[in-house]
C-alpha cells in the first residue's frame, strides 16, 4: 500500500485524489493546499489529514509518495523537497516554465536517486498506448510520419492563461511529449506557425490559440502537431502514424455508440467527450497505477524528469522558431 | 457486338437504354413501346429505330437480344415471342405476378434452349457481389444467418401499386432473390408479418408498406428481410451475413465521403443515395455486361428463369403465411 | 445508505458485489451462498458478513434490500421471503422458467406492496437508453420497426444450458425485454425459427443456438430479434429503430478507438468487447444506481416484476410458435 | 459541340481522351504525340485524326479547344501556340517547372484574351468540392486550419522523377492548389521539411519522398500538407477544415462498402482506391465538363493560368525553405 501526500487541491488535484483512492494499492494520507478550505474539503472527503504545511506532510515517515498538482511555479521546489525527504514523486506537467529552473532542480536532486515521474497522462490513454505498442512491436515497420491533432473545446480563462506560460508550454507540451513517445527517435528540429485568431484576450496576452508545429528527428522522421483552442465539436484528440508497412490511427471517443439518421444527415454521432477529465479518465487512472507499480517494484519511472525537460526544450525551440521565423535546432 | 431490341421505354427502359449504349459490345437497334412518343424519343436519342410493333423488331435477323422493360403483365408473352424468334432475353423482374402463367411460359419455351436472364440487379452490386464471392470462397465458413435491410425512400404512386402485385411481389421479391443468392441453400420455410402503417392509400389497396419475413433452409440457415416504404433518410440497402468464422456486411452508399462535425453532432454524413437508379447504377451496368458476356460466350445465364420463378414462389409463400398466420413450406 | 444482503456469490453475484460497494449510497452487509466458501470469500473481500442461512440475513432489521443472484430455480422463493421480510428486491432475470410459479409468486406478494426490480441490465446501457430516450422524446416520430442483433461469443457449458431453460428463456429473454422497452407498445404476436447448428451438445439437449424471432404489437409495430451463440468476432449487441422521421442505431463497443490500415484491409478496428461483464459494465452500475435511487425515493421500480413476467410470456409464445409452426398470440 | 485536339497520348492523355468522348458536348478531332504510334492508336480508338504536327491540328478551324497532356517541358510552347491560334486550352499541371518561363508565357498571351484552364483535377472531386462549397456557404464560419493528407501508393520510376521537377513541384503542387482552394485566402508564408526516407533512387536524384509543409495566410489561417510516396494501404487523399463553428472532412474512397468482422479485426474495409485514375475518375470527368461549359458560355475559367502560377510559387517557396531552413515569404 502506497501512502500519498497530495499537494494542490484544485480541479486537477481533486481529480487525482478521486482516482487515487480507488486504486487498491494506494491511499491518501495528507492533503495540502495554500487555500486551507480546499485542502480540508478534499482531505475530509477521502478520510485524509489536512496538512498545515508541506513540511508537515513530508515529515510523516508513513508517507511514501507525493502527488504534485499545485500551480506550476511551485513544482520544482516541491519536487526538490519531496526527493530530499525520500519520497517518490508524481508531478503534473510541466516541471516549470523556465528551463534554467528545471536544470537547477535536476542538479539539486540527481545524486539522490530521485524517483520522479512526470504526469504526461496521454501516454496512458488505452488507444494511444495501443498504437505505440503496435509500433514498438514492429507492426508498421519503421515510423515515418506522425500527425497529432489536439484541439481544446474552449479558450481558457485569462487568469489561467496568465500563469500557463503560453500555448506552446501549456497545451502543446502534451503533444511534444506524445510526439517523442510515438516517433521512436528524438526530434532535433522544430518549425512553428502560431496565431491568435479566436479571442481578443489571447491577443492582449500576446498568447496564441491556433498553432501548427513541425518536428523532425535526426533520422528524418516527421511529426506535425495541430492545435486550436475553440473546437466547437469537442476536445479533439487524435493521432495517426504512417510507417513502412501500414498506418495506425487512434480516433476520438464518445459517451455512446448512438447514430442518428435523418432526412439531412446520416450516421451522425454524439459530440465527442468534452474535455480532458472525461476524455482521459482511463488514462489518469492508468497513470496512477503505473506510478504505484513502478514505485513498489523499484522499477524505472514510466515517464521521467528528463521527459519533462525534453518537452519543455521542444516548446522553447518552437517559441524560438516563432521569434526568428526559422526552423530551430533543439538545444541539448 | 450484340444488337438489342428494347421493349418498354418508361423510366426503367430509358435507364437500360442509356447503360446499354455505353457498353462497348452492345448496340441498341430497335425500341418499342405502346406509347409511340416514348419509343420514338428513346430511339432518336440513341440512333435506333422505333418499332411499330414487337413483331417488327423480332423479325429483324440482325437483332440478337431483347431487353424487356415493359409492364409486368406483358413479360411472359414477350419472353415467349422473343425465345421463339431465337433471341436472347434480358427481362426485368418479376416474370409475372401469377405462378401459373410463369409455369406456362416455361412449358412453352423450355424445349427451345431458351437464353433468358432475369434482371435481379442487386446480384451485380459490387458490394453485395463481393460479400457473396467471399462466402463462396469460404471466408466465413458455412453461412448461418443472413439479414437483409431493404427500405424504400417513399411509398409509390397508387397507379404503380395497383399494377405491382403487392409489396411482397414487387419490392420484397428483390430481397427473396438476394436471400437465395446469399444463403447458399434453398429456403424451404417462410413466415411473414406485414402491415400498412404509413399511408391510407396503401390500406385502401389492401397492400402493405411495412414487413418482416423469416426464411429457413433445409439445412437450418436463416434469413430475415426487413422492408419499409418511407425511410426518410434514403434508400436503405444493406446486407449482413454471419458464418462459422466471421461476419460480412455491405453498407449503404453515399455520393461523397464528407463528414460534418458541429456542436451537436459529429461525423455526420451525407444522405445515402436516393433510390435504385442512383444506388444500383454500377449494378445495372454490370448486369448488362454479364448478359452480353454470357450470350457471346454461350455460357449459362448468371440469373435464370428459374431464379425468377423461385423468388415468386417465396413471395407467394409469404402471402400464404400472412393469410394463415403460419410458417409456410415453399411449394416446389 | 442502503444496506444489502446478497444471495448468490457465483460469477454474476461477485460482479454485483463489486459494483454495489462502489456505489456511494450502497453497502454490502451479508452474503449467502449454498457454497459457503464462495459466500465467505465475497463477504471477506468487501467487509461483509457471511450468512449461514437466508433467514439470518433477512432477520437483520438493518438490511434494506436483497440482491438475488442465485440459481434461477431459487428466485421465486427468495423474492417471496424477502418481500415478506419487508426488504426491497433486485432480482436477476429470469424470475423463473415456469409461468405458473411466476404467477403464484406474484399472488403471494402482491398485497404486500412489493418493491421488486428485475435485473434487465440492457435497459441501463447508456447507448440503448439514449436511443430509447430519443424515441420517447419523439425524435423519430412513431416507432415502426425494431431490429435487435444479439449474439454470444460462445456456446455456454452443458451444465449451464441444462439449468437455463433453453435459448429463448435464457438469452432471448433479454431481447424480449429490450423489444418491449423499445417498441413502445406491447407485442401481441410472435413467430420464431430456431435451430441447433453450432454444436452437438446443443442438439443433445434439444436446445437451440441460432434463432430469429418476429414480434408484432397491436398497433402493427414490428421487431426482429436475431440470436446466435458463436459469434467469433465477439459479443454482438446492436439495436436499430426506424420511425416516421428517422432511424436510431446503437452499435457495438470496443476497448480502444485504434484503426489499422494495411495493404489488405483498411480502418480495421479492435475486436468488440468480449462478453456481458465487459460490455455491460456501465449498465450494471447504472442498474444498481437506479435501484438504490428508486428505493430511497419510494419511487416506482424502473423494471418491474410484471416486466419479468412479460418477457417470459414472450419466450413461452416463441416456444409455442416453434412447436406449432404458427405465429402465436401472446396470452395475457 | 466542342471539338478538341489532344496533344500528348501517354497515360494521362489516353485517360482524358476516354473521358472527353463520353461528354455529350465534346468530340475528339485530332491527336498528336511525338510517338506517332501512340497518337495513332488513340486517334483510331475514338475515330479522330492523327496529326503529323501540332500545327496541323491548330490550323483546323473546326478545332475549338486543345487539351495539353504532353510532357511538362512542352506546356508553355503549346499553350502559347494554341492561344495564338485562337483555341481554348485545358492544360495538365504544372504549367512549367520554371517560374521565369511561366511568366514569359503569360506575357506572350495575356493580351490575346487567353482562354486557359489548368488541370487541377482535385478541385472537381465531388467530396472536396462539397467541402469547399460548404465553407463558401458559411457552414463553419471563418476557416482557421486546413489539413491535407496526400500520399501516393508507390515511388514513381526514376525516369518519371527525373522529368518531374522534384516532389514539391510534381506531387505537392496539387496540394498547394488545394490549400489555396480551401483556405479562402492567399498563403503568404511557407515552411517545409522534406526527406528521402523510402528509396535509394530518390536520394540519388536529390529528390524527396516524405514531406510536411506549413502554409500561413496574411489573415493567419494555417494549412498543413503531409506527403509520402509509399503508403502501402493505398492512395491516401483526405482533407479536413476547422472553422469557427465546425469541422468538415472528406475521407478516402473505396470500391465497395464491404466490412469484414473476424476473430482479430472488426469492421475491416477494402483497400482504398489505388491511384489517381481510379480515385479521381469523377473529378476528371467533372473537370472536362467544367471546361466545356466555361468555354461554351464564355464564362471565366474555373481554374486559371494564375492558379497554376501561384501553385508553382508556393512550391518554389517550399524549396527555398528547405534550402535556408527558414519560413519563406511567398514572392508576388
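The first chain written gets the first letter, and so on, giving A, B, C and D; residue counts start at 1 in each chain.
To be clear about the criterion, a residue touches a chain if its C-beta (ideal position, glycine included) is under 8 Å from a C-beta of that chain, and two chains touch if they have at least 3 such contacts.
Keep in mind that this is a model prediction, so the values were computed, not measured.
Among the other chains, C has the CA centre that is most remote from the centre of chain D.
More C-beta pairs in contact connect the chains of A-D than those of the other pair, out of A-B and A-D.
Chain A and chain D have Cα centroids lying 41 Å from one another. With each centre defined as the average position of its C-alpha atoms, the distance from chain A to chain B rounds to 58 Å. Those residues of chain B in touch with two or more other chains are numbered 232-233, 245-247, 252, 260-263, 270. Against chain C, in their complex, chain A makes its touches with residues 126-127, 130-131, 134, 139, 245-253, 255-263, 270.
Touching chain B in their complex are the following residues of chain C: 144-145, 147, 149, 151, 189, 191, 193, 195-198, 210-212, 214, 216, 220-222, 224, 226, 228, 230-233, 236, 242, 244-247, 324-327.
Every residue of chain C that touches chain D in the complex is listed here, in rising order: 232-234, 252, 254, 260-272.
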